[in-house]
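Same chain, two partners: subunit A is paired with subunit B first, then with subunit C.
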Partner chain A sequence: MKTILKAKLPELLEQLAKEYKVLVPAKLEGVSRFAAYRENLELALEENVTMPPKDIFFPQTEEMYKFKSKDQSLEIEEIPQDEKLQVIFGVRSCDMKSIDCLDQVFLTKGFVDPFYQDKRDKSILIALSCVKPMESCFCTSMGIDPQKGQGADIQAYDLGEKLGFEGITERGQEVLSKVSGMFAEEDAAIPSIGEFNLTADVEGLPEKLKDMFDHPIWDDISRKCLNCSTCAYVCPTCHCFDIASEVRGEDGTKIRCWDCCMVDEYTVMAGGHQPRPGKKERVRNRFLHKLRYFPERYNMLLCTGCGRCVVKCPVNLDITNVIKKLQEA
Partner chain B sequence: MSEMTKKMQEIAREILEKGEAQVVIGWEKGTFWYLSPPAFIDKPEDVQRLVWDDFCHNNLSKYLVDLKNHEGKTAVFVKGCDSRAFNRLLQDKQIDREKVILIGIPCPGLLDQDKAKELGKNSELPKAQKCLECQYPNPLVYDYYLGDKEALNEVAATKEAADYSDVAAIEAMSPDERYDFWTRQYDRCIRCYACRNVCPACSCRECVFDQTRVGWIGKANNSSENQFFALTRAMHVAGRCIECGECERACPMDIPIMLLNKKLVKDINELFGEYDAGVDIEGKLPLGHFDKNDPEEFM
Partner chain C sequence: MQNLYLPYQMRIEKIVEESPEKDLKTFELSFLDSQDAVDCKYLPGQFAEVSILGIGEAPFGIASAPCETGLVRFSVKKAGLFTENLHQAEVGDIIGLRGPLGNSWPLEKLKGKDIVIIGGGFAFTTLRSMIRFIIEPKNRKDFGQVDIVYGNRNPGQMLYKEELEEWLTRKDLNLHLTIDKPAEGWQNYVGFVPQITEQVIKPSHNAVSLVCGPPIMIKYTLPVLEKLGLNPERIYTSLEMKMKCGIGMCGRCNIGSKYVCKDGPVFSVAELEKLPSEY
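Moving on, here comes the complex of A and B:
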């Protein structure tokens, strides 16, 4: 395995930044998220970041194109995309899996989203193994190996004092070859992961939920929900969006923005009918999407056990607890 | 089990058994030791879920807006801030006094959740900022009261004068510095609207930020829209904010929202005289009526 002292990591990133756009987990204005590497950036490697890597591929606000309409004519102007390859360092296993979920939505079943694809194709992912689960983590319950990131180009291992690197794809090997002089070659044992505080039993749940649409349990589960969008916006897998135009005179921009099934406008129909009028219907949709509809369509859960919603929900509407209630119902 | 928890469970059981209310809203233990989220209790056998501890932060009066069209009565536990929120909602005719049973709890001030998470169970934990600044730890209105009146006085004695030094520090900045400060704060806003949804002063049937077809606010997340949201939200709760600090606690991005709210409380005090929302429900709202002595600097 290729190893490097953690203290040397900034140097390594510096080196990579000469060739690639490098994104790293960092603390910016009190919030940890992926940010473009620069000198003296405060890296956040102790715990997973608050904001998942989702917005690298699927930004909260994406300008799709600009347009100009005058009289009967319409001009469309494409938005130039960044041409540089981007190396994303330090993606935890849960978030690697979430990228797989997003890939399913934006790249498969005959629907390819060019905006997502463009950023995804330019990305080289360096997954980072976890040594100690956070108290809100439950990735193993979701069938995820916290020490092996699915779909990684390079797998990095937290070895305590050092970091270990293993090139997996050709692209990954190439990135490592650019900085090969900085590594030592040695055998290293990957530290075992500690105990998980949270667990969730999802065995048979998608199947069970087929008959639970009208179950009274949803009243109980949804009661304390505030219908804010915190859970969806910190979720690495939630991917709903809304397309809008911003028009000033003759000029306009088409934008697409994150949306969330907790809010009224999400389902309101032309003419004003609201098929999901209240908390029950909206909360039910959120959990059925994650635990039944997505597995039905893509054969995988839409939850990776990252625990962000468990931490950030203002009323502690904890998905592991919801799963428990659904299993017991 | 604490004495107060025992009392809570007893009274909740009594209320449900006698059929005085159909549901009791309190707090229960959450996923972690430092979380005590809201709990809805419908059956006497479920009362043992109820707890009172240092982390019962959620302002439960907000839920009364959800239940206003429900048949039957709702019983709800109120700390000082929850009771002010109740008064405010009552003043706005959002709830029917007859349909609510209030169970008052003297609040000694709750502990800081974030610090609890950071420092761990066996450390000395500071009180939440909102509790340090609380002027009304005791419930101002209640039908039942848990605890003795002496404890009430004791808690009341600990209250300190309102401290606006944090607001003053922002006021002392130059306009450019201030703009830079707030831009940095609200650039990280993800517009999840948790601050609005948790707020007991936010009770509009249709919020201005949800009127997307009218287009008061764009959907894009950028400095301009985020600051429009920040300022509009703050102005809309001005004169009605009861300073429970729930917006700031709920914010997943740790934006110092109470600084804005406190600035408006301070301004109202200076312009229209000392006013604490949700304390006296008979009095006129400072921004809800016209007085010919009101300052008119702009005229």
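Moving on, here comes the complex of A and C:
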């Protein structure tokens, strides 16, 4: 395994940044998130970042095209995309899995989302193993190995004083070869992961939920929800979006931005018909999407056990608790 | 990078005021770029996202038929912000179109079958596309007997009045028009769609039915069709839902694990029975 002292990491990132756009977990204005590497950036490697990496591929707001309308003519102009390859360092296993989920949505079933594909194709992913689960983590319950990031180009390991690197894909090997002089080659034991505080039993759940659409448990589960959408905002797999436009005089930009099934406007139709009129219907949709509909469509759960919603929900609507209630119902 | 979200540019060629209430207009659009007309191949039952840049974008069933080359037609009821704006558009204005989107009426399953088409109100658009497709001379032999029941509250609300007049005289289809209450000068049926359907459609074990209309009409028509021997596998309807992307990604039009925009809008009643009743 290639190893390097943690203290040398900024130097390594510096080196990579000469060739690639490098994104790293960092603390910015009190929030940890992925950010472009620069000197003196405060890295956030102790625990997983608050904001998941989804916005790297699927920005919170994204321009789709520009237009100019004047009298009876219309000009449409596409948005130029960044050409540079990007190396994303420090993606935890839960978030690696979330990228797999997003790939299913944006790249499969006959249509390819051009904006997502473009950023995804340009990305080289360096997964980072976890040593100590956070209080809110339950990735192992969702079938995820916290020390092996699915789909990684390079797997990095937290070895205490040092970091270990293993090139997995050709692209990953190539990145490592560019900085090979900085590594030592040694056998290193990967530290075992600590105990998990939270667990969730999802065995057979998608199947069980097929008959639970009309179950009274949804009244109970949804009662305290505020429909605030925080869960979706911090969720690494929630991917719904709205399409809108911004107009100034004759110039306009078509944009898309994150949206969420917790809000009324999401499904209300012209004329007022609302298929999901209340919070029960919306909460039910969110959990059924994660635990039944997505598995039906893409053969995987839409929850990675990252625990962000558990931490951020203002009323402690804890998904592990919801899963427990659904299993017991 | 092929940008699926870019609209074709369309010119409004013709606007028809369809009802005396002036809340229903048909827009006939042509492609600004003739290559787009070649690329935009659609089937009856599909829809498209129509846009007025700066105002918005909304999904509408395509009312024209593929054989009507070079144009695309939509009938739009004034119902919200976007449709209010569309109703103010004039001939010559340029608007956007993204599509075709969604599945279509199940053409393969309709071949060789008698067809029972049931429509109510302004939901007649993609049914009209299907009928126009069937009576195209090169297609007509692929289908058996064609019966149509089309109902409205009053005669003024009938879509495509001139065309309906012509269809009433045709030998290759049976058109049964009905209105809810008697009106002066009306020479067709009077009564609700389910009742007229029961009266005019003969029992069949071969027929396939396509039904579009207000939910209440569908609710009372389905038992009638079943009584006539049509099981839920042979009754199809088209759903509406709020949609943005139209390609199964933005999320909002799901019913269970199906997206109306991509897996629909056309579903058989048998398929709908397996989905949560959330639409």
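By our rule, the second predicted complex is superposed on the first by the 329 of 329 C-alpha atoms of A that agree within 3 Å, B and C clash if a C-alpha of one lies under 4 Å from a C-alpha of the other, contacts with A are read in each partner's own complex, and residues count from 1 in each chain.
The rule we apply is simple: a residue touches a chain if its C-beta (ideal position, glycine included) is under 8 Å from a C-beta of that chain, and two chains touch if they have at least 3 such contacts.
Worth saying up front: this structure is predicted, and the values here are computed from it rather than measured.
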Subunit A as common anchor, with subunit B and subunit C clashing or fitting: fit
Which superposed partner A:E296 touches (first subunit B, second subunit C, both, neither): second
First (subunit B), second (subunit C), both or neither touched by A:D242: both
Which of subunit B and subunit C A:S73 touches, first, second, both or neither: second
Touching partner for A:I190 - first (subunit B), second (subunit C), both, neither: neither
Touched partner set for A:C257, first subunit B, second subunit C, both or neither: first
First, second, both or neither for A:V310, with subunit B first and subunit C second: first
First, second, both or neither for A:D318, with subunit B first and subunit C second: first
Inter-chain angle, subunit B to subunit C through the CA centre of subunit A, in degrees rounded to a multiple of 10: 90
Minimum C-alpha separation between subunit B and subunit C after superposing on chain A, in Å: 7
Shared contact residues on subunit A - subunit B and subunit C: 242, 244
Of subunit A, residues touching subunit C in the complex: 64-65, 67, 69, 72-74, 76, 78, 81, 105-106, 109-114, 117-118, 213, 239-245, 247, 252, 254, 256, 259, 261, 266-271, 275-276, 281, 285, 288-289, 292-294, 296-297
Footprint of subunit A on subunit C - complex, ascending: 1-7, 9, 53-58, 79-83, 92-94, 96, 240-242, 244-245, 247-252, 254-257, 262, 276, 278-279
Subunit B contact footprint on subunit A (complex, rising order): 28-31, 50-51, 60-61, 135-136, 198, 220, 223-224, 226-230, 232-234, 242, 244, 246, 255, 257-258, 260, 263-265, 279, 310, 312, 314-318, 320-321
Of all residues in subunit B, those that touch subunit A in their complex: 30-32, 35, 37-40, 58, 62-63, 66, 184-185, 187-188, 190-194, 196-198, 210, 212, 218-222, 246, 249-250, 252-254
